[in-house]
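Right, I'll just put the structure down here and ask away after.
Chains here go by letter, A, B, C, D, E and F, matching the order in which they are written, and residues are numbered from 1 within each.
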Amino acid sequence: MYSVSVRDHFMIAHSFRGAVFGPAQQLHGATYVVDVEFRRADLDADGIVVDIGRACEVLKATLGALNFRNLDEVPEFAGKNTTTEFLAKVIFDRTVAAARAGLLGPGADGIETIKVTLAESHVASGSYEGRLA
Amino acid sequence: MYSVSVRDHFMIAHSFRGAVFGPAQQLHGATYVVDVEFRRADLDADGIVVDIGRACEVLKATLGALNFRNLDEVPEFAGKNTTTEFLAKVIFDRTVAAARAGLLGPGADGIETIKVTLAESHVASGSYEGRLA
Amino acid sequence: MYSVSVRDHFMIAHSFRGAVFGPAQQLHGATYVVDVEFRRADLDADGIVVDIGRACEVLKATLGALNFRNLDEVPEFAGKNTTTEFLAKVIFDRTVAAARAGLLGPGADGIETIKVTLAESHVASGSYEGRLA
Amino acid sequence: MYSVSVRDHFMIAHSFRGAVFGPAQQLHGATYVVDVEFRRADLDADGIVVDIGRACEVLKATLGALNFRNLDEVPEFAGKNTTTEFLAKVIFDRTVAAARAGLLGPGADGIETIKVTLAESHVASGSYEGRLA
Amino acid sequence: MYSVSVRDHFMIAHSFRGAVFGPAQQLHGATYVVDVEFRRADLDADGIVVDIGRACEVLKATLGALNFRNLDEVPEFAGKNTTTEFLAKVIFDRTVAAARAGLLGPGADGIETIKVTLAESHVASGSYEGRLA
Amino acid sequence: MYSVSVRDHFMIAHSFRGAVFGPAQQLHGATYVVDVEFRRADLDADGIVVDIGRACEVLKATLGALNFRNLDEVPEFAGKNTTTEFLAKVIFDRTVAAARAGLLGPGADGIETIKVTLAESHVASGSYEGRLA
C-alpha cells in the first residue's frame, strides 16, 4: 500500500457543550495542523499516488472555508461539538467530495482510503480515516 | 475510524542482557516520549473518542509509576529486557486496565483499539497496538 | 552563557483590529505552544540554571490564567491586539513577576535574561526577550 | 502488534516527466528523511522486534547507495519517475532483500510487515507498506 | 527584543567543488526548510513586528525564484559553492531587498535584524543573521 | 553572522543530589538529543562555516564517550550533578578541545562561538554557549 500526505493549518474559535469539557465550555480557540494522507494499492501511470500540487490546493481550499471563523456560528455545525475528531471527519468528508468532483485530478480515482489528522497542540491530536469509494 | 492521541514522557535507567545489545548491556537510561492513541468507529454523545483531560491524567499516572526509576530493580520486570517495544506493551496493558476500571470515563466503553508509541530519541521508536475489549 | 527551556501550551479565542490583519479581524482562535528560556552566566550550587520542576509549574500557572478564554473580553487587553508577539511579552512580564515573587526558587536570583517564544502553527511564531533584573 | 522504527536521510537530484509535475519537470533535488518501521506479532527471545543497531546499519547502507546521486542517471530507474512514493517502494524492496539476506540478524525472521516513509519536506511525505514474507 | 518567524521550503539540485565535500561533489540535491526571523525592539501601532501575511508572501516569492532549479546553472552563483550557509545569506540579502522595496509593508521600517535558517535535514542546518538597516 | 548546526544523541543513567531535584534524586536516566551550533562572521574559501562531515564525526565521538554509561560512576563528574545544562558545558568543552586539536579541519580556525543544546524531552532542554578562542 502506497501513501502520500500533505500538511496545512487553520485557526478557529469555538466552545463545547457538556460537563466533560470543563473549562473548554468557554469560548476559546485552536490552531489545527492538518495532515491528509491518501492511500492506494498501486501508483498511477505517472508514478504517483496523487498530484501533490492539487492535493495541497484542495487542502488549502478546504481549510480556507473554516479558517479565521467562530465555529459556534457556522450553521452546519449547530448543535454539534466541533471537537478535534469531529473536525477531522468534516475535513475527510470535504476532501472526499473534492476528489469525487475531480479536483484531485483523474489519477485520484485510484485512491482507496484517506486519513485526516488534526494536531491541536504538541501533545494532542485527533483523526478520522475512511474509504473514498 | 476515529482516533485521539495524547503525549507525555518519562525518564528511567536500565540495562539489557544479551549480546545483541552491545554497549546497551551497561547500565544506562532513556527519556521516552509516549503517545497513546485511542481508536473507535463512532464518536460518543459528546462528540469525542475519549475525554482528553482524563486520557492525559491516566497517561500521567501510568508514566508516573515508572518515572525516575531504575527498571532493573522493579520486581515485575525481573528477567525481562525493558526494551522500548516491551515498555510499549507494559503501558498498553496498564492503559487497558485503567480504561476497564473506568478511569477514562463512561464513554471509553466504545474504544476498540489502543496504540502506544515510545520515541526513545529523534531517530528511533517502538510501539504496541492491541484491542481493548 | 547557560540556559534552560521548558514548554507548555494554551488555547484562546480573539480578534484583531486593523486592515493589516485581513480575515484575522474576525473572531477566531489559536493554540500557542510556549517555550520559556532562562539564561544565566553561571550555574547555582546545585548545578542548575533554574529548578525545572518549578519552572514548569510557573509556566503552567501563567498559561492557565489565559487558557480557554476569549482574550477580547479580558479587561487588561482592552484596546490591544493580542498578537503572538504581544502575548509573548505578556507571558514574559508575568514570568518575571513570578521570579521576583520567589516562585522559581531562591536560585532564580541568578537568571539574567528570559526569552518567551509562542509557536502559533508549524510555520509561524513570535517571541519576546528581555532582562530579568 | 509490536513495531520498531528507525530514521536516517539521503539527498538526491532528479527530474520528473509528465505535465502533472509542472516545474518539477526541471532538474531539482530533495532531502528525504526516511523512517523504516518493522512490525511483528510477538517479540523475540531478547524482547525485541529487531536489533535496532542492525536496523540502523541496514538503513544507512540502503540510503548510502542512493545518497549524493542524480537519480536521472541511475540505470535501474530509467523511464521511471523517482517520486517520493516510488522511492519508498525502492527502499522497501531493498530492506526486504537485506532482511532475507540475514543482515537484520536471525531474529528478523519474525518480522511480518515493513513500512517505509519518506518526508520530502515539513509538509509532504510518501510511504510504502508491505509484507516481508 | 520582539521577533516573528515564518517558515516555507524549496527543493534544488547542485554540486560542490572542493575535496572537503567528498561525495557531495557529485550532482545531488536538497530540500531546505527555511525560517526567516524578523526582530525589532518595539511593536508597531498595530501591535506587530511585521505583517505575517506579507512576510509569508515575501518568503514564498524569494524561495520561488530558487525552487525546482539546478543551482549549478544559475549565473549568479557561478564559481560559488551553494552550501546551506551560503544560501542562507542569499535569502537574507533578498529578504532585505524586499523589505527595502516596501514589500513587507510600511511597519517593516522598524525591523532591526533578520535571521535566516535553512534546515537541510532532521540533523543539520545553517543560518545567516544580519542587520536590516 | 553565519552558523552551521549538527544533531546526534546519547543515552545515560544518573542521579542528582539536592532536595531541589525531588524524585530525580533516584537513579534514573535520559536520552539527550544534542545540537552543536558553530558560528563565525565569514565563510571560509570553500563557502562553509565548518565541514559538516567532520562536525558530525566530532559530535559522534564526543557523545560516544558518554553514551550507554552511568554518569554517577564517571570519576570526572564525581561530586557534580550531571544536569542537562552541566552536560551542555561538558560537551562544549570537549568540542572546543576537538576544534583546537584540528579535528574539525583547518577551516575551523574561523569559528568564533559554539552553542551546545541538549533536549532531554519534548518539553525541556538546556544549553551552554561560549567563545572558541
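One rule holds in what follows: contacts are C-beta pairs under 8 Å (C-beta built on N, C-alpha and C of every residue); 3 or more make two chains touch, one makes a residue touch a chain.
Treat the numbers as computed from the prediction; the structure is a model and nothing was measured.
When chain centres are set by their Cα atoms, the one at the greatest distance from subunit A is F. Over half of the residue-numbered contact pairs at C-E are shared with one candidate from A-D, A-C or B-F, namely A-D. Here the CA centre of subunit A is 27 Å from the CA centre of subunit B. Centroids built from CA atoms put subunit E at 30 Å from subunit A. The multi-chain contact residues of subunit D, meaning those touching 2 or more other chains, are 7, 122-123.
Put simply, subunit B touches subunit F in their complex at residues 7, 9, 11-14, 23-24, 26-33, 67-70, 120-123. Across the complex, subunit A is touched by residues 16, 18, 20-22, 80-86, 88-89, 122-130 of subunit D.
Within the complex formed with subunit E, the residues of subunit F that make contact are 1-8, 43, 46-49, 51-53, 56, 105, 107.
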